[in-house]
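One chain, chain A, appears in both complexes that follow, with chain B as partner in the first and chain C in the second.
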Partner chain A sequence: MNPKRDHYPEGEALHYSLNRRYRRASIWQTLFFSALVIAILSLAALLYNVIDGAFGYVAFEYKNDPSEFSAKPLDDLSKQELLDILKANLSSGAFTKLENEKPMDTRSKSVLYTLLLERLIQIDTKQTWSMTDSIFRSAKIKAEVAEKYPEAKLEFRSWLTPVFLTTPMSSKAEFAGVRTAILGSLWMVGIAILFALPIGTGAAIYLQEYASKNFLTRIIQTNINNLAGVPSIVYGMLGLAIFVRALEPFTSGSLFGVTDSNGRTILSAGLTMGTLVLPLIIINAQEAIKSVPDSLRQAAFGVGATRWQTVWHHVLPNALPGILTGSILAVSRAIGETAPLIVVGASTFISIDPDGPFSKFTALPIQIYQWTTRAQSEFHSIAAAAIIVLLILLLTLNATAILLRNRVQRKY
Partner chain B sequence: MKQENTIMENQLFRPLDLKKKIRPGESVIQALLFIAGFLSIFITLAIVYELGKEAWLFFGNPDVTFAKFFGTTEWSPGIGKYGIWPLVTSTLITSTIAIFVSLPLGLAVALFLSEYASPKARSALKPILEILAGIPTVVYGYFALLFMTPLLQSIFGKQTVEVYNMASAGLVMGIMILPLISSMSEDALSAVPRALREGAYAMGATKFETSIQVVLPAALSGIGAALIIGISRAVGETMIVAIAAGSGPNFTFNPFKAAETMTGHIARISGGDLSYNSIDYTSLFAIALMLFLVTLILNLISQGIINKFRQRYE
Partner chain C sequence: MENIQTPEIAIETKNLFIFYGSFAAVSEVNMKIEKQKVTAIIGPSGCGKSTLIRAFNRMNDFVPSSYVTGEILLQGQNLYGRDIDPVEVRRKIGMVFQKPNPFPKSIYENIAWGANINGFKGNMDELVEQSLRGAALWDEVKDKLKKSAYELSGGQQQRLCIARTIAIQPEIILMDEPASALDPISTLRIEELMQELKKNYTIIIVTHNMQQAARVSDYTAMMMLEKDGSRSGTVIEFSETKKIFTNPKDKRTEDYVTGRFG
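Now for the complex of A and B:
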């Protein structure tokens, strides 16, 4: 292998050098493989870290003794009894307010139980432990709790519950949910796709089917590829300057008679996110259109179809699965993006469901960011639970995209 | 039958004016499609214009001088401190750590997948990397703060490693960029013609010697493009550094200390209530403009390399 060498090994020396070369080759092969193992281990560590945080022991104290409200143990109370306790102990104003949000007797028993804990008994979380600690150091934790917080109760808790999915935001980690965040994310992504999918597909059709290969087309193409690489926070700044500030009358809804809002609305966020995923949609749609065989176009032109008739009746229907795959990937990108939302001003504390494009909003990744940066460990636990919700959402979306992609691949 | 024939004949023999457009709507559609295509140019112009306008206001402030901007090391526009260096150095440190993690690992993964793995193993292993690439960055931020930082603290001691530090953000960012670098490098490696490998084997080279001394140099430009895109991604990454690297500009070269990066600073300041036209507001746009220009230049270089490389082999 060394070109300067004037003689090459022979006989025993050749054998020796060959062995050495093979040994070196297999060592490096192991090293290459171990890089892959490191990547897989990182993924495993990440997922484990999230699940580890979402379940585990919690030590908490009741601020008010449950026996003040009921003679029976809390778990044995019927729905009617729970309702009576709430009615008797809540101030009439607070009760009416709850009644107005949703009539009390239509609420489920577990919701009433949570209300009782949240409003009357009030929980004070002392400390939380990760799942691994809770399983392997159970006895030690119990001793520690008995010593440090003699009043406290210890409970193994899953932070990810159906209630977590359906309750709105709360300032207490124990009662916080991701309902408003999920709805906010869905609204935002819906607007983003409504904005970006038609424009993106149109741009892709123009570039693949209409544009001649000239200077302008090359500029547009290069520009799209570059836009795909612009940091997401820069899109956030663009959204702040244009959608939130310059177009405030439109995005705040004051043009349409909505008064109690500024430009930091779902609409601004959706349009910003639409701008962010636009290059992604264009590039994917272009690939999909490119993969439609030319014979289809030639056949259509052959029987006298115009260019648009060819595109509309033959190219688009065949490219549709590919375009859909691309837009699903764009949706999952938009759902996970956080930075632009922070910049265009997602509110962090919203407990009312968003009711239209002009409402203030929060989103799933924003909640995760907020909860992760809090100091108390119970917020880390609900951040982990919210991450699991987010990852399951993304996994479902991506699995759909992959299934669609495989169906397309089978076709040609 | 007879009637149908006459209709056909009538249509056939009607004089056809080829100059007349049969469907005038076609040109309207074409115009709309062109506008959709042109919108991307408009977005770029809007970014440059909006960032430029506010950045112009920032640099137009008589208090902000060139000497202060590049000559001092404290950043706090609200109280008249305009030294950009603390934000730049922390961005460079986190990005450098990320690249030192992701380049060797990504390249090794790419070499393994393209040169060693069987097609079956490749199709089983690639989705794992795709999952890694699809995880939102805010989740990586959680991972950095609540896994990597405690890990570093248990290795180096709690005195050396602060709760918020650049090292854990950089390391996790490296894991985040790994799939990008490995998939781009793998594309470059598998684009190397088979004939080159066969030639090397014929000369008696081992698989490793072929990979490193023949295939790798041939794919070097593509790997360079991957590296540059990786740098651009690391510089622009926000959530990991916003969560794990610290909140407050800090001029330090110690990776175990907290220091805010350019992106992290934008995220933190714009997250609060920010009044338009304040120096804080315009300073964010100045930082964003720098970010945009740096990533734009890196992306253009990378794309230039890829285009040249394609022409060589295809």
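Now for the complex of A and C:
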């Protein structure tokens, strides 16, 4: 058979056809590039929006003149001087109460300073501005403040401060912090992981290593995959029905002698979050177990190991980094979840640190949600600051997961 | 063979069929494999060599759809009998795989692990040294026993796998194309090692390399797909390696060993 070459274009026709192919390729390339640009822009817009709110000018008035308390400018006061002022001016009852919460002389200077502002001088915030406005319309803002609030001071402020991280909730935005919320989130995530990691890993091991591949296991597998996509509010309803209500004696701690609590505890929230991430953890663990090569299992069986010895000594240790990475990623989803917590009954105003699984609790996303619904603009500013805290927490978790994955990557 | 003094039989198959689901990958195999000899299984790809050798230590159990009919007898006991524990079978009949697959552990642990899980009570250091010497690897690794097995070359890894197998003191060692992933020099070392090993062990080796079979084995089983179009493999000729290569009975064996197989 002679090869026929005349079916393919040559010369002019070839050029024409090539040009058409390149044109089509470049159209698609441009489309893909635009998709990438849109994705990056929306991400940038999100970050900008958050940061924009967390920094900026604030106009405020002192209810009581600082000079009533100190001859020196407030910024120059030493820790001891601050302490003396507080002691002299607070009612003895109020001082003792603070002393009991945490001894005054063990508190940092910035905390004492904040107390002075909060309790004695008392701040009245008039208005806040976004970072962009503060930078680009600085002169105008100053004029506006001078006209509208002649008494007020204008200050460029970062709402995200060490004090913000370490103080509990307060009804005044200037003195509110996210400590209670951070602790609540950490407790919740801890409980969720303690609950979901062993169960999820166990289920994954069973499915991968023991279960025979039949109709039933296929149904179970499909269900797990679908559960991973169920909206989180549904898990909230589940948590409410099971953990808050049905298991109340357990989750409220009354079984263990705790009396002052109902089922709306941090334990219920943690278990709900654990249930929420369980399907994800199972799926991730299955993937990790699958990625342990069969040659390793055969090696173990080949020297007379039982299934369990093979799993325990070889499959599990080699899958563990993957399982942990997957679990951290799954849990970082839980940290940002709000809806289930609302359903399970997070407290919106709480200033006592959670001290155990049976505490009432709040969490970062709840706090953020609550602040954004307030009318006053200073609450929006601290909401933005809290969002930054939440994002940093998430990024830290994800970075840990990625580091873990890269560190222990194995070649078999 | 009848006129020679009766050879000692290590393992014997009787009317053995091996199925994957309803597909008989191997059918009607009857072999008596002699003790402390090297028996080679040769044949074209897909004729069931791996399936057959894996049946000897019940590694096929891990393929859910697989099952066997007939018998494999080790000292008169059917390995597929009701009261036989496959874990025990695998301790008595060790296996070396096609691709070297050491554990991702130290060289020392690679050998100690199998011994440990099987309840070894002797001196572990001695066992490790003995096994490594037995696999002709000791001199190369004695100074780095704590190093990862992955730092060894492919040929060394394969010898480590052999050492790991002899550490559990099996009676039979199965090798499924143990040198097919290795360079010629490493291959040669494995072949030399087999000559050493057969002093203490019965060796069954699958190979697609005819020269290798001719060099290392005492007996050779020639496998082919059945002529009836069922795609089922069987042993068409089994005798002394010399006979298979110089004076085969079956025309197909002759074609295959002389390279005329299409």
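Here is the rule we use: the second predicted complex is superposed on the first by the 375 of 412 C-alpha atoms of A that agree within 3 Å, B and C clash if a C-alpha of one lies under 4 Å from a C-alpha of the other, contacts with A are read in each partner's own complex, and residues count from 1 in each chain.
By definition in this document, a contact is a pair of C-beta atoms (placed from the backbone, for glycine too) under 8 Å apart; a residue touches a chain by one contact, two chains touch by 3 or more.
Only a predicted model underlies this, so the values are computations on that prediction, with no experimental measurement involved.
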{"item": "First (chain B), second (chain C), both or neither touched by A:Leu86", "value": "neither"}
{"item": "Touched partner set for A:Ile342, first chain B, second chain C, both or neither", "value": "first"}
{"item": "Partner chain in contact with A:Leu238 - chain B first, chain C second, else both or neither", "value": "first"}
{"item": "First (chain B), second (chain C), both or neither touched by A:Ala330", "value": "neither"}
{"item": "Partner chain in contact with A:Thr306 - chain B first, chain C second, else both or neither", "value": "both"}
{"item": "Which superposed partner A:Ser295 touches (first chain B, second chain C, both, neither)", "value": "second"}
{"item": "Contacts of A:Ala59 with chain B and chain C, given as first, second, both or neither", "value": "neither"}
{"item": "Contacts of A:Ile350 with chain B and chain C, given as first, second, both or neither", "value": "neither"}
{"item": "Which of chain B and chain C A:Val189 touches, first, second, both or neither", "value": "neither"}
{"item": "Footprint overlap on chain A, where chain B in one structure and chain C in the other make contact", "value": "306"}
{"item": "Residues on chain A engaged by chain C in the complex (per definition of touch)", "value": "212-213, 295-306, 309, 313-314, 318, 410-412"}
{"item": "List of chain A residues in touch with chain B within their complex", "value": "1, 21-22, 24-25, 28-29, 31-36, 38-40, 42-43, 45-46, 49-50, 53, 198-200, 202-203, 205-207, 210-211, 219-220, 222-227, 229-234, 236-238, 240-242, 245, 275, 278-279, 282, 306-308, 332, 335-339, 342-343, 345, 365, 368-369, 372-373, 380, 383-384, 387, 390-391, 394, 398"}
{"item": "Touch list for chain B against partner chain A, complex", "value": "22-23, 25-26, 29-30, 32-41, 43-44, 46-47, 50-51, 53-54, 104-106, 108-109, 111-113, 116, 125, 128-129, 131-132, 134-143, 145-147, 175, 178-179, 182, 205-209, 212-213, 229, 232-233, 235-239, 242-243, 263, 266-267, 270-271, 276, 284-285, 288, 291-292, 295-296, 299-300, 303"}
{"item": "For the chain C and chain A complex, residues of the former touching the latter", "value": "57, 59, 62, 64, 87-88, 90-91, 94-97, 99, 101-104, 113-114, 117-118, 150, 161, 164-165, 167-168"}
